[in-house]
Structures are given as structure tokens and as C-alpha cells.
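Submitted below is the structure of interest, expressed as C-alpha cells.
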Amino acid sequence: MQTHKAKRVEIIIEAPLERRLTDAITAADVSGFTILPVRGGSGRSGRWSREGQVSTAGGMVAVVCIIRPERLDTLLEAAFSVVERHIGVVSVTDCEVLRAERF
Amino acid sequence: MDAILSVMAQNLVSPIILSFALGLLAAVARSSLSVPEAAAKALSIYLLFAIGFKGGASVAAHGLDWTLGFALIAGLALSLVIPVIAFALLRGLTRLSAVDAAAVAGHYGSISIVTFVSATAILTSRAIGHEGYMVAVAAAMEAPAIVAALWLAARSGTGVKMDWELWREVLLNGSIVLLVGAFVIGAITGERGLAEIESFIVSPFKGVLCLFLLDMGLVAGRGLKQARGVLSGGAVVFAVLMPLVGAALALPVGMVLGLSAGGVALFMTLAASASYIAVPAAMRVALPEANPSIYLTLSLGVTFPFNLALGIPLYVTVAERLSGG
Amino acid sequence: MDAILSVMAQNLVSPIILSFALGLLAAVARSSLSVPEAAAKALSIYLLFAIGFKGGASVAAHGLDWTLGFALIAGLALSLVIPVIAFALLRGLTRLSAVDAAAVAGHYGSISIVTFVSATAILTSRAIGHEGYMVAVAAAMEAPAIVAALWLAARSGTGVKMDWELWREVLLNGSIVLLVGAFVIGAITGERGLAEIESFIVSPFKGVLCLFLLDMGLVAGRGLKQARGVLSGGAVVFAVLMPLVGAALALPVGMVLGLSAGGVALFMTLAASASYIAVPAAMRVALPEANPSIYLTLSLGVTFPFNLALGIPLYVTVAERLSGG
Amino acid sequence: MDAILSVMAQNLVSPIILSFALGLLAAVARSSLSVPEAAAKALSIYLLFAIGFKGGASVAAHGLDWTLGFALIAGLALSLVIPVIAFALLRGLTRLSAVDAAAVAGHYGSISIVTFVSATAILTSRAIGHEGYMVAVAAAMEAPAIVAALWLAARSGTGVKMDWELWREVLLNGSIVLLVGAFVIGAITGERGLAEIESFIVSPFKGVLCLFLLDMGLVAGRGLKQARGVLSGGAVVFAVLMPLVGAALALPVGMVLGLSAGGVALFMTLAASASYIAVPAAMRVALPEANPSIYLTLSLGVTFPFNLALGIPLYVTVAERLSGG
Amino acid sequence: MQTHKAKRVEIIIEAPLERRLTDAITAADVSGFTILPVRGGSGRSGRWSREGQVSTAGGMVAVVCIIRPERLDTLLEAAFSVVERHIGVVSVTDCEVLRAERF
Amino acid sequence: MQTHKAKRVEIIIEAPLERRLTDAITAADVSGFTILPVRGGSGRSGRWSREGQVSTAGGMVAVVCIIRPERLDTLLEAAFSVVERHIGVVSVTDCEVLRAERF
């Protein structure tokens, strides 16, 4: 089937910043994103798990955003403005999408 | 003294405390025991709804007086003052950076609603009455300490962004809204409303609290294991001392306000308790430089069990002696 | 009239309504308050199981008669007719496309089980009896309106796939199966079965309903904020008018069937209520072109609170006056 | 004989059994009915906490005697012996590989706590007393069979890694820790503790059990559909025969130990039941070559419903006749 | 370690269509897939969140499918037959897998 | 924005092995990982779903690990030592990351 080049951006960020990040992405006119729950992880600040947690502190979420290549920099800048001072991982992968008109 | 010790001993063998201890031990022993996140949140929604509703219904039954207004103001004031004292103590007792100390201080100015709930459970089982509006005071004391903490951090040169969005998040965080909302519903529907849902929010309350404390023990235990090494002896001393300082501040205030013995005990408990839900989330946003292991471990891993096991019975006994007697 | 107003006023200050209002306000104010998805599903499982079981146990106690058969048929017929009326009304009152109008119409032909549950709670608190088998009627009215909606859409030229798989999904969707299953269990085990689990499904029922309505308020509030702009004034008028039309249709039918006052009130409530769980999912599969914000917002954001706050007390009072006396 | 049949018939129409049947049917009919994972875990935490606590409180009330020690040892011995018998039976009745047979055998040596809980519910409703410490025996019988299974597998030449980490996981798995922990809390806080949380862990218990069994029916039904083809007739015969063999072994042991009629019935139930939570997880780690569909389907899909519907009433009646009666 | 070329297909689709999608994938003889829960997102049809939801309507799931390159088109066609009229995002990334014999 | 080459490793593994896997990864000195919940899936051992499950058996988790290219082999070996005898899928994708100093 015919596919089109795009970028898959995955931002793993602290849960208390979720709204700030999605607001920033939306403000940057990004066409869409999807938020995946995260159960736990480990990094320089140690091991964590969502099990039994009530507070959003001490949790992360993963925001996945598929975007046209030419819009990548706008998105990264928007994301970076939020992630900058905070814990978080931003990765970008090349991908192909069906139905490019949607992006 | 004997009375205090006997109250404490009795408290130590309550299902509530032992459930917390079980969770703590299980986590430290790396058992796979765990409560799903959704279940823990559901339990906390139940507890906030029940405690708020019961407070409101009790206000509807006994009426309001000026004391509520004064108690709210006193609570606000305390939660602004306590962080300053906590900050000074921390700088004396530990080598924490100013930012870390400010973040920890903010937690101690705010309150832990489960500590409050546990105190009301003890009051109920000892048949000591208290003002229903203490729930509103608890809600009022959740947020102000965050401002104090950010001010302390800013004074030490850490750029802090206290934007409007953060204000909204802090003031309208889920636990405040649910607690205050349920309080208002209880106050509006009164004894009749309470009668309708009594067998949901009153009778099973203590059992639900046990499961929630089991979960808190698990989370605290995991945190303690994780934070070994981060915590100095001085910090632990602070986490045991600070609740006593807070309670000691609240005691005369509560007595001057003319609260009942139970009310004074709850006021002391609020001042003595440290937040571990709302304030940590706010600190991650506003003071990301502060190390979360430190404030979470001190608050949930040291101060919470201290209050649960020793603090509350102490505050209750002292309040009964001095004010209600 | 006065009686109706007083019933309504009293209803407005019940914990149930106020819990919904709290959720709605919290969502509109963008509070972080939220109920985990798993907890909301667990609450709905509890409510369906409890209401089904109690209905079945009541049938076991009072016996079945021919009325059940007629009530089922009448319910089926109503849920096929109402979408047609709703469709006509929508095309008159709004500029919705035929597909959107058909989708909305399908929701109003089907039923909302929580509206039904809230009505039974009001009947119980006012000590008005009702036929236990109304639960079965509720289950029977869940699905047929979907067929009507797809027929309306097909008539307007939208290719619709009502395949066997969709039939299975609709007829065996979780809420129908649980409701009918619990009804059958209640009918088989009868009063003895009820006695065994009474303190689980009867006493705490209203309190659980409060928490579920809190959650529905949150979801409705989020939906309303999201859908601003999508909804026209005409659509909102429809969402308030249609339940009254449905109830007005059900009233004479219920009376002819010889239902008790409570039974008539529940029948009116079923006709007046609009689905927001089963039908939306079916519409996403069969009519993806229809805009979900429209049907979800009208059903959950307008009609549901209207029925809860004003509709049900109205139906109960009217039914009491006209049928039961 | 008549008595047994009447107990069985009566048991078959209990809400507990019918809830399981509802779940099973719903899953087989591919209904969308499902219980969220978090809710299922929360229900199981409730059940373990409640059953453990009540056992402990009952021990506090009636005191301990030497029988507990002997019962623990007998339970351990049974759970080491049963796998060996099960293995032999499986090799005779089926063509399962040695590894698969060893894995299945391990499940039957261990226990199913919900089967145990259902048996206590039946005892309670028939007013037959039992030793509170049977809960501790249940906990003791969870793990040893895993060792037996690994030994059986190793004997047949499958490299098995029973490292220290696996030991820890098995012995400190969540259900053992919660069951034993709640038992200890119940034993410490005694009747007073029980009184405090009675309306949470006693009155609603049976209703919660219904919902949990509904969920187990759903999971079992999904498993059965999935495993069609994997299971031979011989395996199904085994899954019905083995519980009877286990119960027959436990009966004389329980009588020699001097257990009450209820205690003997529970001991038989433990021996007859097969694990479906702790052992499968351990087998995935230690015997990954064994096919999980086989052991899960036999244990949860065949033996569990067999015990629930026919086994337990049989064990109860036999125990009553022979030991207590 | 030795790895083998493969494709990672990620299909974000409305939850009520989950069974239809997985049935279509299975019918296309795809060796396996994994379903991840999705917590929320945003797109042309607005923002959504699973919080407090009971209905599957108004929710998405993410289906991840790792597949040999030569099987990609079969999979995409199967997926497209379901996604076609519906909301959903299909993206394809190049990847390497261990144990290629499993795919 | 400036980005740096990295590898995104995704390991889908049986839930009862989660701790063993993360311990092995940690022992291999990997800087961080994130664990995503998995709702269900299908493979040669059939279809499964987490719905209503209490046991960890019969469930999978997805561990995502973003890593410098030169550390990839260490990670794969660590992961393989756990996955080897077990059900599981390991895939590696090229990606770019912001803030490479974190990895």
C-alpha cells in the first residue's frame, strides 16, 4: 500500500507535567498525539513504579506523536520548552504512515 | 504518662497500624504484594468523600459558629509559618541544599489527609467528639505551604515559576475539590443525607482505611528501600521532631480558639502531618531541582508512620488533658 | 403542581444529584479530580449486578404474570418508535446531517441504566413499590433502537454495515448480559439468595451510586467543555424536550399495561432516558461518520442531568397521581 | 446419599455458583462483559485480607493448641505427596509430556484460596464451625508443591532453575504474605479488632465473593475457549478425579488430627483444590517449556468449577457424617 | 548479537473496533501482535481521555505488530480494511529483531 | 534542534519475568528503561488478555530502553539471557534523542 514518510516522536515525561506538555504541543499546532500509560521505570533518579500510588508525582506518561518531517522541529521545540528543566526522554524515529492527509 | 503509654500501646495493636506495618514489611522483604494504582486511587476517593461528607453532615447537625472562620485563618497561618520553621530546622540539622530544604519544608506545612482520617478513627473509637468543620480546616491547610516553600526557594536564588496554571492546579487539585465538595454536600443534605448513605460511608470506613494503609505501607516501604543512602541521620531526626514542633504550635492555638478536646487533637494532627500527595506533584512542577526521594521518604516513610503509631495517640491524650479534660 | 415542585426541590438536595453536580463543576473548573477507568467500570458492574439481582429476587417473591410479557413487547415497540420521532424532531429543530440525526435518535430510543437506577433509588426512598421485572424491560430496551437508527441512516443513503458480528456485540454487550444474568440469578435464588448478599447489594447501594454519579459528572463535564461549539441551541432544546416526549408516550402504555405507580414511573424513565454506554460504542462501529461529540454530549451532558434533576421527580409524581393514586 | 444430593442441589442454586456460571456463559458466548484487571486484583486483596483476618480473630478467640502445628505439618506433607500421585495419574491417563505433567501436578499439590473461601462460605451458611487456623494451613500449602513439581521435572531430565530468587518469589508471593499477614493482625487484635472492621470484612463478604466468582467465570470461560484442542479427554478425567483423590487423602489425616467436622471439610477442600494464581506464575519462570494452557485450563476451567459445584458440598457432607456428625 | 530486519507496525484505533482489527490481522495470518492500553489523546476530533469512562466508545487502543518485511503489505491491507472508514493512525518503522524464526 | 543517534529497544516479555529482566538490564549498566503495561496479545501460544486476571502468569509487559548505539550489544545480551528460554519479542529501532548526555 502507499505510505508516506513521517516522524514518530515519543516523549516520556513526568506525569505532573502532562497537561503542560500537551498544551504546548497543541499550541504548536501539532495535528494529534496519543498518551500511553507507563507502569514503572528506572533512570538516574532511581527505580519507580505506579503500583499503589495516588499522587501523580513519581510517575511518567508516554506521549506519542506522529508528524510530518517538516513539522518536527516545531514539535521538538515545543516539547523541549516543557521538558527542559525536568526529567524526561525525547526520541524520534523515522516511520511511514498510511493516509498522510490526516497529519 | 502512664495513660499516654497505655493509649499508645493500645493504638499500636489496632488493625489500622498493623495493616500499615504489614505493607511496610512486605515491601521491604520484596514481596510481590501490591495494590493496583486504580484501586489505591479508588480507596482514596472513598476516604475523601466519606470524611468530607461526614464533616459536612456534622456541621449541619451542630450548626456553625464563628470558630470555623477563626480556625480556617489559624490553619492558613500555621501552614505558612511551619515551612519557615521547618526550613530553619533542616538547614541546622542536615546538609540539604536550600532547594531541597524548601521543598521538604513545604510538605510539612501542608497536611496528610490520611493522618487526619486515622486521627478521627481513633477519636471515634475512644468516643471523643470533635468539630465537623475540622475537615474544612484540613482542606484549607493543603495548599498555602506550597507558596511558602516556593518563597523560601526563591529567596535562596532558585528561579521558581509560580504561574497561574500552577495556582489552578494546586487550589483545584482533586483531593481538595473532593474533600470540600463532599463537605458541602454533607452540609446541604445533613442528617437525612447521611442516613441515606450511612451504610456505605460510615460502617465500612475503618475496614477500607485498613486496606488503604496496607497500600501506603507498601508504597512507603518501596520508597524507603529506594532512598537508602539519600537520607542522613539528621533528616530522619527532623522528620520525627518536626511533627512534634507542629503539634506544639497548634496546641495553644486550638485551645485559644476554644476547640473541643477532639478538635484540638485534630488541629495538632494537621499541623504535625506532612503532605505526600498534592505537594509532591506541585514540587515536581515548580521545583524540579529538588530531589523527590528526600521529601517523599521523609514525609511518607518517616513522619507518617511516626504520627500514626506514636504522634496521634500523644496528641489525643495531651489535648484531652489540657483542653477538654 | 406544588407537590411536583416540592418533590423536585427535595430531589435536588439529595446526595445523588449533588454528587453529580460536584463532578460536573470539578470538570468544568479543570480540577485534576478523576476516577480511574477501572474503578468506574467496577462501580458500573456493581450497580448492574445489584439492580439486576434485586429485580430478580423481587420477581421470585411476588411471582410473574402476563404483564411482564406485554411490558417487554411494549418496551421493544417504544424503543423502535422513539428513534423515528427523535429523528423527525432533530431534523426540525437542528441542522444536523441525516447520519448525525440518526445516530442521536438511536441513543434516545435506547435507555440509560443509571437513570433507571436513580429512579429506583428515589422510589425506594419515597417507599413507592414497583415491579421487579422492570429491570428485564430495561434490558430489552437497550438494543432495538440501534436497529432503528441504522435503518434511518440507511434510508438517508449512508451505507451501513449491520453484520452478524455487530448483532452479537449489541445483544451480548456486557451491560445487557450482566443485567439479565443477575436478574436470573436473583429470580432463581430468590429471597434466600438476597438475604445472603443483602449487606453487599442493598445497604451500600446508594452510596456507591453517589460515587458513580460523581464520576459521571466528571465525564459529562469534560464532554461539555470539549463539545462547546459543536452543539446548537436547537440540539439542546431537543435534549430536554425528547425525554418529555418519551415519558409522555410511555405513560399511557404503562397505565394500559396495568403497571403499579412505581412501574409506570420507571417505564417513563426508561423511555425518557438516553443511552451513553452501549449505543455510542455500536455507533462508532456501524456509523463512524456520525460525530460522537454530538450524541455523547446530548445524552450524557444534557438529557442525563435533566432526567436526574427534574425528569425523574416529574415522572414519579405524575405516575403516582395518574396511575397509582 | 439423599442428604448429599440435596446439599449439592441447594449449593447449585446459590448466588456464588450462579455468578460463576454467568461469567462462564458470558465468556463462551463472547460477550464483551469483563472485569478490569485492577478490580479483579482489588477483589482478591479484599478476600485474602478478610479471610486471613477472620481466621486470626477466631484463633484469638478460641486459643491455639498443638493441632495447629500438626495440621501445618500434615498440610505440607500432603502438598508434597499429591503432586507425585498427580504426576503418576497424568502419565497414565494422558499423553502429556513429563514437563507438562510435572507442571500440572504442581498445581494440584498447591491450593486455590477462592475454593477455600467458598467452602467457608458454605460452612457459615450451614452453621458448621471450623478451626480459624485452617487459613494458616492454606497458606502453608501454597508453595511446597512447586518444589515437588520441579523435582518431578528434573527427574525427567528438564533443566530447572530453582534459584534463590525464585524461592523468595514463591514464599513471599503477594497472596501468601497478605493471607498470613492478615491472619497475624487478626490474631493480635482479636475480637476487638474484628468488631472494628466487621461491617467491612464480614457482612459484605459473600457479595464480594459473587463478583469475584463472576470474574473467575469470565477468565475460565475465555481459557476454555482458547484451550479447546489442547485438552484431551484423559486430562479432563484427571481434573475431576484428582480433587477426589486429594480429598480422600486429606479426610483420614484430618480425622486423625482431631479437626472439627468443618475443619476436616476445609482440609479436604484444600487438598482437592488446584492453584491458578501463584503456581502458574512460578511455572512460567521455572518451567517455561510447560504449556500454560494445559495447567491453567485444568485448574481454573475444570477442577475449580467441579469443586465449587460438586466437590465442596460432597466434602462437607462426608466430613460431617464421618468426623463431626 | 545477530539480528534480522523486520517491520514494526503500530495501529492506533478506536477501542470498539479492537476485535474487528485483531480478527482481520489474524485472518491475514500474521504471526503475532501485542495490544497496549491508551490513556488519552488528541486529534481532529478533539481531546479525549479514558478517565472515568465505562463505554469503549471514546477510547483507542494501540496494536503493535512486528512482522517480516515481505509480509508487510498483507498486514497493511488487512488493517486498512478495518481502519478505512474509521478514526485511526497506522505507522510503520524499520526494526531489527532477535530470534527471527519466531516471526 | 540538535539530536543524537541512539537505539530504541523494545522487549515484550512475560510478566512473571519482569523483575529478572530489569535486574539483568540494570546489572548491564544500562542508563534507564521504561515499563509499559500490555493489555493483551496473540502469538503462537494463542490469544490472551489481562482482563479480570489476578495472576501475573498469562500476561506480558513491554520494556522500552533507549540507549547509545555502542551499548546496544551489552543490552541485547543481558536481555537475551533472560528471554532465551521464554516467550518474548525483542526489537531494535534506530532513533534520535534530545539531550544525549542523559544516556
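Read from first to last, the chains carry the letters A, B, C, D, E and F; within each, the first residue is number 1.
Basically, contacts are C-beta pairs under 8 Å (C-beta built on N, C-alpha and C of every residue); 3 or more make two chains touch, one makes a residue touch a chain.
Chains and their UniProt names: A, E, F = Nitrogen regulatory protein P-II; B, C, D = Sodium-dependent bicarbonate transport family permease.
None of these values were measured; they are calculated from a predicted model.
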- In contact with chain C and chain D alike are the chains B
- Message: Please identify the chain with the largest separation between its CA centroid and the CA centroid of chain C.
- Response: F
- When the contacting C-beta pairs are counted for B-D and for A-B, which pair yields the higher total? B-D
- Taking shared residue numbers divided by all residue numbers at the interface, is the value for chain B and chain C over half (same) or under half (different)? different
- Query: If you average the CA atoms of chain D and of chain F, how many Å lie between those two points?
  - Reply: 34
- When the centre of a chain is set as the mean of its C-alpha atoms, what distance in Å lies between chain A and chain C? 38
- Centre distance in Å when chain C and chain F are each reduced to the mean of their C-alpha atoms: 45
- chain A residues touching 2+ other chains are 36-37, 56, 93-94
- Item | Per-residue overlap in chain C, given as positions that touch at least 2 other chains | 32, 34-39, 41-42, 169, 199, 204
- Query: Name the touching chain pairs, would you?
  - Reply: A-B, A-E, A-F, B-C, B-D, C-D, C-E, D-F, E-F
- Message: Considering only the defined contacts, which chain B positions touch chain A in the complex?
- Response: 34-37, 39-41, 44, 165, 169, 215-216, 218-219, 222, 226, 276-278, 280-285, 288-289, 291-293, 296
- Message: Show me the residue ranges of chain E that touch chain C in the complex, using the header's touch definition.
- Response: 14-17, 19-20, 45-58, 85-87
- Taking the complex as given, what residues does chain D use to touch chain B? 36-39, 41-42, 45-46, 49, 53, 168-169, 172-174, 177-178, 181-182, 184-185, 188-189, 193, 196-197, 199-201, 204
- Residues of chain E touching chain A in the complex: 10, 12, 36-44, 60, 62, 73, 76-77, 79-80, 83, 89-94
- Item | In the complex with chain E, residue positions of chain A that touch it | 1, 3, 6, 8, 22, 26, 31-37, 61, 64, 66, 93-99, 102
